[in-house]
Amino acid sequence: MTSDQVLIKLSSSVLSLDEATQFTTLPECGAVSVFIGITRDNCNGKTVLHLEYEAYEAMAVKEIQKICDHMLKTWDVRRIAVFHRLGYVPITEASVVIAVSSPHRKASLEAVEYCIDTLKATVPIWKKELYKEGDWIWKTNKECSWSKDAAS
Amino acid sequence: MTSDQVLIKLSSSVLSLDEATQFTTLPECGAVSVFIGITRDNCNGKTVLHLEYEAYEAMAVKEIQKICDHMLKTWDVRRIAVFHRLGYVPITEASVVIAVSSPHRKASLEAVEYCIDTLKATVPIWKKELYKEGDWIWKTNKECSWSKDAAS
Amino acid sequence: MQRQSLVEVRVLYFAKSRDLAGTAEEIIKVPDRVTSQLLLEIITDRHIELKTIQQNLILAVNQDYISEESGEIQLSTGDEIAVIPPLSGG
Amino acid sequence: MQRQSLVEVRVLYFAKSRDLAGTAEEIIKVPDRVTSQLLLEIITDRHIELKTIQQNLILAVNQDYISEESGEIQLSTGDEIAVIPPLSGG
């Protein structure tokens, strides 16, 4: 969904970094800070083949919108793009792209960190990690407050 | 200049965000943090037409390499790209692109902030800001320790 | 306790909760006034395998997280309940 | 003071220092042992207009910043001195 200042996408195809940075680039903004979360090839010694992401889509968008509202209230940021991948994601492809623009850099740097941290804590999206040995596991973010056995 | 882990470029053409993120993306890295410094259209109420950047090129590369060496020693980061524009830069084009990759995001987020802050304080590059009214000024970063009248 | 009616709600299951429940969604009848704890109990009684991760589940009603702090919740026919395992987005 | 020789060095001027000096570079003779303060004095004596921003200049020798803390510096023929105004990169 889009408003003037926020662009949120859940996508089953490759996320566009260019689209995120183009949406956030404004003449009055001297800074764009970007965070890209990428599919790693290993976790705790096991070789990861690929990921599969699943979302409660309507609520995920709603929770991301809340995060963005808080960012717009807290920092002098002007545009925010948050893209999250769904479905099959191979190694080294992006699972999340966040871009934030501000007139001066401190705001965008702080806001992008807040965004990824809070996304991991509140947005109903789940990652299945599939291993070379054929097994798989649903992961848990350590940021998730109701997990009793938070792993990475 | 390039090494295995660091890519530094001073360029008179458009900086490539794709090149920076492709260089830094590695299978063992779950995070890439990016900072893009963009040409703003105004400064203290004056309309900026464009910028012109100048560098003491050999020393600029050397100072950027020192920054990167410090980042590699201080954080678990794996690849760093630092691109800076030289010459004429129009409004909304990037003057600097920094990308940093790490297995986990905290390192890349902290390191990219350190990089832009320290670049502004130590790297011999100068920005001339040209205004609509026909005048211009050589700017001063407030991070520059030997400036007696630091402005923005 | 106040007299209660039953309402029909849609329950959605995701990730590990869907694997354990054996379904992505279902329609069930629940009391129209419940706490989140009671609602979770009702749901995990229907799918016993969910008991193994009950401590790691929370619920959302109409796309808003609820918790014990939410107190007693008023439900209506057609409401959507989501059974949410620990998150791993980002 | 120890007996001194003169050496030929290349001096580079950038940004505002180049505007005020009226040149991007020149070859000059300087003592082979100097402090940064003395070296800056020698350079700004050659280009009086630089006096207006002398407080905002530092020097680099062979691409390394120097300062009063550097103490006395040994110079050789062919060394490169840069006159560096306040930075504005990034």
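Per-chain numbering from 1; labels A, B, C and D assigned in written order.
The rule we apply is simple: a contact is a pair of C-beta atoms (placed from the backbone, for glycine too) under 8 Å apart; a residue touches a chain by one contact, two chains touch by 3 or more.
Chain labels with UniProt names: A, B = Molybdopterin synthase catalytic subunit; C, D = Molybdopterin synthase sulfur carrier subunit.
Just so it is clear, the model here is predicted, and its values are computed rather than measured.
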item	value
Where chain B and chain C overlap in contact partners, by chain label	A
Between chain A and chain B, the fewest steps along chains that touch one another	1
Most distant chain from chain B by Cα centroid	C
Centroid distance [mean C-alpha coordinates] between chain D and chain B, Å	26
Centre-to-centre distance between chain D and chain C (centres being mean Cα positions), rounded to whole Å	74
Centroid spacing, where centroids are CA-atom means, of chain A and chain D in whole angstrom	50
Set of chain A residues in contact with two or more other chains	37, 116
Pairs of chains in contact (touch as defined earlier), listed by label	A-B, A-C, B-D
Interface residues, chain B side, partner chain D - complex	37, 53-56, 58-60, 62, 84, 95-96, 116, 119-128, 138-141, 143-144, 146-150
Interface residues, chain C side, partner chain A - complex	12, 14-16, 19, 55-58, 60, 63, 65, 82, 84-90
Footprint of chain A on chain B - complex, ascending	17-18, 21, 25-42, 91-92, 101, 103, 105, 109, 112-113, 116
